[in-house]
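Both complexes shown next keep chain A, but they swap its partner, so chain B is in the first and chain C is in the second.
The block that comes next holds the complex of A and B.
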């Protein structure tokens, strides 16, 4: 190995360490700060180890209220985006090439629109109709772009669909509705589950759009951001730690399920 | 259309079209049209709506052009967002290349899984993590002081903090498109270039980057758009001297009480983002179909 190679190797090793440190150190520090008695979340100086911030989180009624709001929003977002996203994918795939690429551009345009703009546009339209910010508008605004993700995932799945299945069912006397219900929907089921999962995550994590249409309702992300400005304590870190733990377990479980399925029709969650 | 009806029959076909119509007309087109309408009208008390003063004009947009502070913040947001995209690219490119060309299948699976974890955690919490790390009496300052790299604590909140937090938040939007693009590059092309005597630097510049152009353009477009439209990172990690354009928009709506001007500013942001997206994709010769993969 030449000297240049050794230097390159060392540089690359340094890069790898730095990359993962950059990725995980902030999260690790945020998590560890939960156990420090210090009122402002930090790890330096360490004032003593405690679990008191979990208690503080547990008895924080505002947090529970905002968590509940986020769940309600996520629930309505999912039941809105799955049917519309599926319909959009089916309409899109039934178009001819030219019309299809135009429609495609129209349908992905919300993904290329800044989140704050989506929130503002929704807000001004509904004010004109006499509806102010609140859970309803949060659902409408979030759904308008989460539908894009559903549409993309369903479209990807549809590309692997074998239309002769439908023809066979029709030939055996099934109605068109029955073919949709018994052939196409079951085929789409894995993609629908993955899309629903993604929609929940997107909904709960959204901040930029939600901020403008929330009215007097406070979903979890807004609650956390407000806490940071008005009185951050490690109770918020406890919440973050719990969310990280759920995420890690979820990601690992998903990976295990995916490997066990070994391409048994599973759809990779792409973003 | 006829294909849709042929396949699903009249009832279902109409239902699908109606659902798509509700989405595209009611949830995408109408709100944007209304925003443009707001942007072009003056902010009047209810009694004067529809009166002689209530006419379309470009006053709200010209206000932005003439108001020095807002204009400066707008241009700062544009170049800072471009800088975020560029730094994110520098951070991600070596990792994407290694994953796509050198890592074993298992290494790739583990690293991709590890990469997704911070990504599933929401943007507010990711930003909070940086808020804690960069605090004046926080861990980063304590660490640098103990190493003797700095003599007194640094105030990280401000432009530097916003840049760090944003780069962190958008890493995956950059990494995945580039990884996907480099993965399709045949290893033999790199070997051929090496056998012909190209240096590592030159191989990347002349072989890998041109091949990954579409992925790089996609990553940059998304990162730019997300950065320019971000509210949480500047709000948490910024300082009074590092305001972001989205914060100005927010103030028009919820503190200044002038929705028309706020809508005009939002419209400018939207046009900026669409222009950047379309021009970048045109330059890189990428179609929208490839972007959303």
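The block that comes next holds the complex of A and C.
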């Protein structure tokens, strides 16, 4: 190996280490801080190792209440965005080139709009109609941009659909609805599952849009943000650590299921 | 008897492209009918029109005497086998085969029974619960056929279904398709660009070029009596000699060529004095005898197995090909040697240039 090769390899190794540090160091520090006795989420100074913050989390009823609110919002967001996002993707792929690029621009525009604007706009509109902030408006506001993600993911999958399958089904006497139910939907299933997961994550982690339309309901992100002002304890870290653990185990379980041969190929790539 | 298929002045235009131009022919019920042509000649477009995936710009399609033009593909008594097969990859084999029955509301037990029967027919018994991806190319092919036959179509449309298979398998599947067609009595309309496939399998063949049907006839008829220069050159190997027609007597044309005066059967529309070509098959050229004689210098001999093709050049530069049976190779002319070939007038056909 020449000297140049060795330098290149060393640089690459250094870059990889830096890259992963950048990604994971904050998470690691946040995780470690959970076990510090200190009243604030920090690793320095280390005042002693403890599990007390898991206890504190367990007894923080406000936290559980807000987590529940977040789950309810996420549930309704998912059942709203999957059908609408899929329908949008189907329309988009059936259009001709020029109409498609116009529709595409229209449909992804909520992604380019600042979340704050979406939140305020939603509130202003629905106020006119006599509907105030609350879970319903959170769902509406979040869905308006999460639909875009769903549409993009379903569109990506649809582009790999072999249209002769649809023709084959029609040629065998199937109705359009049967083609959708028996041929297209099973094909879209992996993308729908992935889009569903993404929608849940997007919904639970959203703060800036949610803040304006929440009314008197408090989802998790808003609750945590409030705590920052009133005094944040490592109980929040404990919650984050649990969520990370669930995510990691979920990803591992998914990967194992996928490798066992189910056709989920390509979903991870699309994410 | 299965339904006949009648094409009545069918034309298809895509934008400014004329894909199919005024095509009319009738496929008899129970016939194995091929549409033969080079890629891009409009044969697949024509098949899609028959299936109902494409509306013709003008003309009508009649199946069993009934006008199908306003009906969608799911309302026609046809089934199609696609070039890509288009099996449903997420359904087990038996559900694939029974898909058409499912669309007709047949009960699950009944569907399974019918699928198993068809699996037996295509010699894939016990494969019902496999997924299409677990089958070999030939097996998938047979599943596609079974899926189409399950709906008991009057007309089966096949779009080059064998093109993805290797030679041995293709020859095997040809025989199987042919036998299946005889057994079921279903009208087959088969698209191919492979002339040997069309000749070997079909009762009748329509030869297409540039959206136009050039000739419809039995394989022997196309081979022996091509109606147009395109058919003469596309179907089988041939030698084409430029000539001028001197006269026609009793169906035999006397023509003037660079090789002297030759005679051959006069094709349709041939008149005296016009520029024409004389077409003679390689196997009609014999080293000895024949009413007409040609001379050529042998350039190379390609051994093909059952026969060899001797490629030569006449004095005026016209390439000539003669086929020599393998058993007679010992007495074949040597490479570089000037050699004479003869043919009978009845084995040549003269067609006017277009």
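We adopt the following convention: the second predicted complex is superposed on the first by the 229 of 271 C-alpha atoms of A that agree within 3 Å, B and C clash if a C-alpha of one lies under 4 Å from a C-alpha of the other, contacts with A are read in each partner's own complex, and residues count from 1 in each chain.
We adopt the following convention: contacts are C-beta pairs under 8 Å (C-beta built on N, C-alpha and C of every residue); 3 or more make two chains touch, one makes a residue touch a chain.
The structure presented is a predicted model; accordingly, all values stated were derived computationally and were not measured.
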Fit or clash - chain C, chain B, common chain A: fit
Touching partner for A:44 - first (chain B), second (chain C), both, neither: first
Contacts of A:186 with chain B and chain C, given as first, second, both or neither: second
Which of chain B and chain C A:165 touches, first, second, both or neither: second
Chain B versus chain C as contact partner of A:249, first or second or both or neither: neither
Contacts of A:64 with chain B and chain C, given as first, second, both or neither: neither
Winner by number of chain A residues touched, once chain B and chain C are compared: B
First, second, both or neither for A:124, with chain B first and chain C second: first
First, second, both or neither for A:75, with chain B first and chain C second: neither
Following superposition on chain A: angle at chain A, chain B versus chain C, Cα, nearest 10°: 100
Touching partner for A:116 - first (chain B), second (chain C), both, neither: first
Least C-alpha distance (whole Å) that remains between chain C and chain B when both complexes are overlaid: 10
Footprint overlap on chain A, where chain B in one structure and chain C in the other make contact: 175
Complex contact set, residues of chain A against chain B: 8, 12, 15-16, 19-20, 22-27, 29-30, 33, 40-45, 83-84, 87-88, 90-91, 94-96, 101, 104-118, 120-125, 127-128, 140, 143-144, 147-148, 152, 166, 175-177, 180, 201, 204-208, 211-212, 221, 224-225, 228-229, 232, 236-237, 240, 243-244, 247-248, 250-252, 255, 270-271
Contact footprint of chain C on chain A as seen in their complex: 162, 164-165, 167-175, 178, 182-183, 186-187, 263
Residues of chain C touching chain A in the complex: 51-53, 72-75, 78-80, 82, 84, 86-91, 99-100, 102-104, 147-148, 150-151
Chain B to chain A touching residues, read off their complex: 1, 3-4, 7-9, 11-12, 15-17, 19-20, 22-24, 27-28, 30-32, 34-35, 38, 91, 94-95, 98, 109, 113-126, 128-133, 135, 137-139, 142-143, 168, 171-173, 176, 200, 221, 225-226, 228-232, 235-236, 246, 249-250, 253, 259, 262-263, 266-267, 269-270, 273-274, 277, 287-289, 291-293
